[in-house]
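Below is a structure I'd like to ask you about.
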């Protein structure tokens, strides 16, 4: 592989990794605050992407307005999901919550497929112009938007969590929900906020990726899974580790395909994320076994 | 006196009546037009029973059960079509291979908890599906394998839906009875103990992890047998039924059937199949209605009836038998309470206040 | 004097920085009723959990009937004996896990009862017979005669233990339908059904009224007559002083005293531990 090719794969890995990072942030924030894995996270992304197309192209709204509405709708769906599906299931077991979020995911997907059709659509990129040459590789302007927006969102999220009262309250819930409620923090409202933020970030992910990778009603499944893998690599702990996880996954995926390692033809690309996932789970399982032995 | 003896044994009568009813279905003068869908219901029930046992007794979700279903189907297809192995032998080999696979991945998986376990099963399911699609030289890729031979005994081949109906339901009922025996035995008690309280079960000498793996293997074997029967019924396998949606449909069946219920599995598989293959076909102009409804079912059932729909119906009818006289007054009270309860729900969210003032 | 049924040597358990059990040496004599007492947080339940195998100790050993509760992994024998002992010794040994200890003869009850709410009273006790029965999957699935015979035995044995605690008439009721006092008796019957040599009772008297506590004392005496050694953790002093033949006192994870009821009652350190200061 030439250096140019290497840089090309690196750049596409960085771009895709940024998307995985954004989705992973949604997983992380919900899991940290509520200990729930939101299987519908990918659908927030799908909503962002599909809505940005429908509103901007089919309904003819100005682009910035369409984008904002798409994000708001995704956030609203997140809030609705929490209030209607999760809060109503009081004291549900883990297995119940898993099934509920899966049900919500396919419900949202079904409604989207029904309303928006099954075709793949492509909203226009944020800025026009052709590929930019960068360090020997060609990169789409939209990819730069993706990387840039991911960076900004991560910084904003980090600042929010560490410097605002609400953010600190969220972190308190993440560390110890019991203690948090004892000092007066409304953990239910915090959970709602977590879902809203996850929805919004998911929506943002959708609107930035759709112009580049196209959007369809079924895009949420694989993206959601890869976002989960990104969050797993990051340990569901903090925005920074999640983003690192996403970027690592994106780069590994693209390099593996580019280097033609073993069976990794592009058809197997998705498998990489799954294999990484299973490796992480395997390591975790091994650690649990060792911990059990130590008592 | 005869009546009280009959009342105690009513479940035996119910099962016998059901079997007679079942046996008559394929006949044209009875319900013959449903033969084909009933074959699929029988196949789905086999997988659902395993899933119900797994989810009900170990409290763990399998989001990749379709993978075992697919393994059974593909093993049978490849061995009997490509290598000319006797279909019965192929079915046995498939079951053993699938069980062994489940055993190997079982131990590491069951050390994980809840969410991670679900993700692991999801991941494995997806990997299997990708492999079904990609390993072209063995599986025929997305087009799959065709021309799979029929199952036959001696010269008698199961070459019509009529004959296969009895074959499939023989297996299905056998599995249901076997499962019921297991649940009522020492093994079943151990499983129920694990479901009831894991720490106490361990203290009584029950190796919890080993049992969870055993049930996982059992459910995989059931799914594999179902897959083999599926292959010899359609005579064609492709990756399409074994994707994530396939696994989700199985979870829907299990959820409707009741997570720890055995006979409920028939109900779950039956209603879901009828929904997807009969009722929804008429709604072509409303695309994706099937997954909208599955999603709705999963959410509503798990929120309001976590033990599963079938079990809830059973509990509900028992409650009704006791309380039917009071029904009008109960309904009146509920209607009066309703607005208050809605108001209570929103108030308890404390949406207006993010912090409570600390009480003295 | 026969061999003590249980010994701990230098037993310690630390959770991160917190030392819950601190170098405890104790000896439980076979056939006696021994009580472990101490102020809250003294490490009593942790000690129980160590003996029962729920926790693994960070140091020290536990000997049951003179034998260590460690065992070698199945592949340890494949490695040459000399090498085995020196280099791999620790890595190839495992503490007997909780379920193994039940088969070895150590039974326990829980502070919070932990009954199986999805079973009847009788079925709870029948579950206790799990390690004393053998028929497996296939025999169960096919209802082989072996399985039916063993089920009969299990049922009879379970009824025996159920009657021993006086709950016979509740056999077919759901386990959680009983009031707390009877639930505790059920839990003890369930533990006895494992046919143990040693039974650990974790706060059996908590939540019982005076009459129930007297029944509990009688039950413990009957258990002793059966040849099972009883060890209990308890806070109710009159109950303990009335039934225990040997008392071990823990405070802050360490053993501070042991002896007969009379001896322990007069021990200065015990009084100080409970009252927080020396009494003059």
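A, B and C label the chains in the order they appear, each numbered from 1.
The working rule: contacts are C-beta pairs under 8 Å (C-beta built on N, C-alpha and C of every residue); 3 or more make two chains touch, one makes a residue touch a chain.
Because the structure is predicted, anything quoted here is derived from the model rather than measured.
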Chain whose Cα centroid lies nearest the overall Cα centroid: B
Distance-maximising chain from subunit C - centres being C-alpha averages: A
Rounded Å distance between subunit B and subunit C, as computed from the means of their C-alpha atoms: 40
Mean-CA-position distance for subunit B and subunit A (Å): 31
Whole-Å gap separating subunit A and subunit C, where each centre is the average of the chain's CA atoms: 49
Complex contact set, residues of subunit B against subunit A: 55, 59-61, 63, 108-109, 111-116, 118-120, 122-124, 126-127, 130, 133-134, 244-245, 248, 251, 255, 286-299, 302-303, 306, 348-351, 353-358
Touching residues (chain side subunit A, partner subunit B) in the complex: 31, 36-37, 83, 85, 87-89, 92-96, 98-100, 102-111, 113-114, 117-118, 166, 169, 183-186, 188-190, 192, 217, 221, 225, 228, 232, 267-268, 270-271, 274-275, 277-278, 281-282, 284-286, 288-289, 292
Complex contacts: residues of subunit C adjacent to subunit B: 52, 54, 97-100, 102-103, 107-108, 110, 114-119, 123, 126-131, 133, 135-137, 139-143, 147, 150-151, 154, 190-191, 193-194
Subunit C-facing residues of subunit B, complex: 178-179, 181-182, 185-190, 192-193, 195-197, 199-208, 214
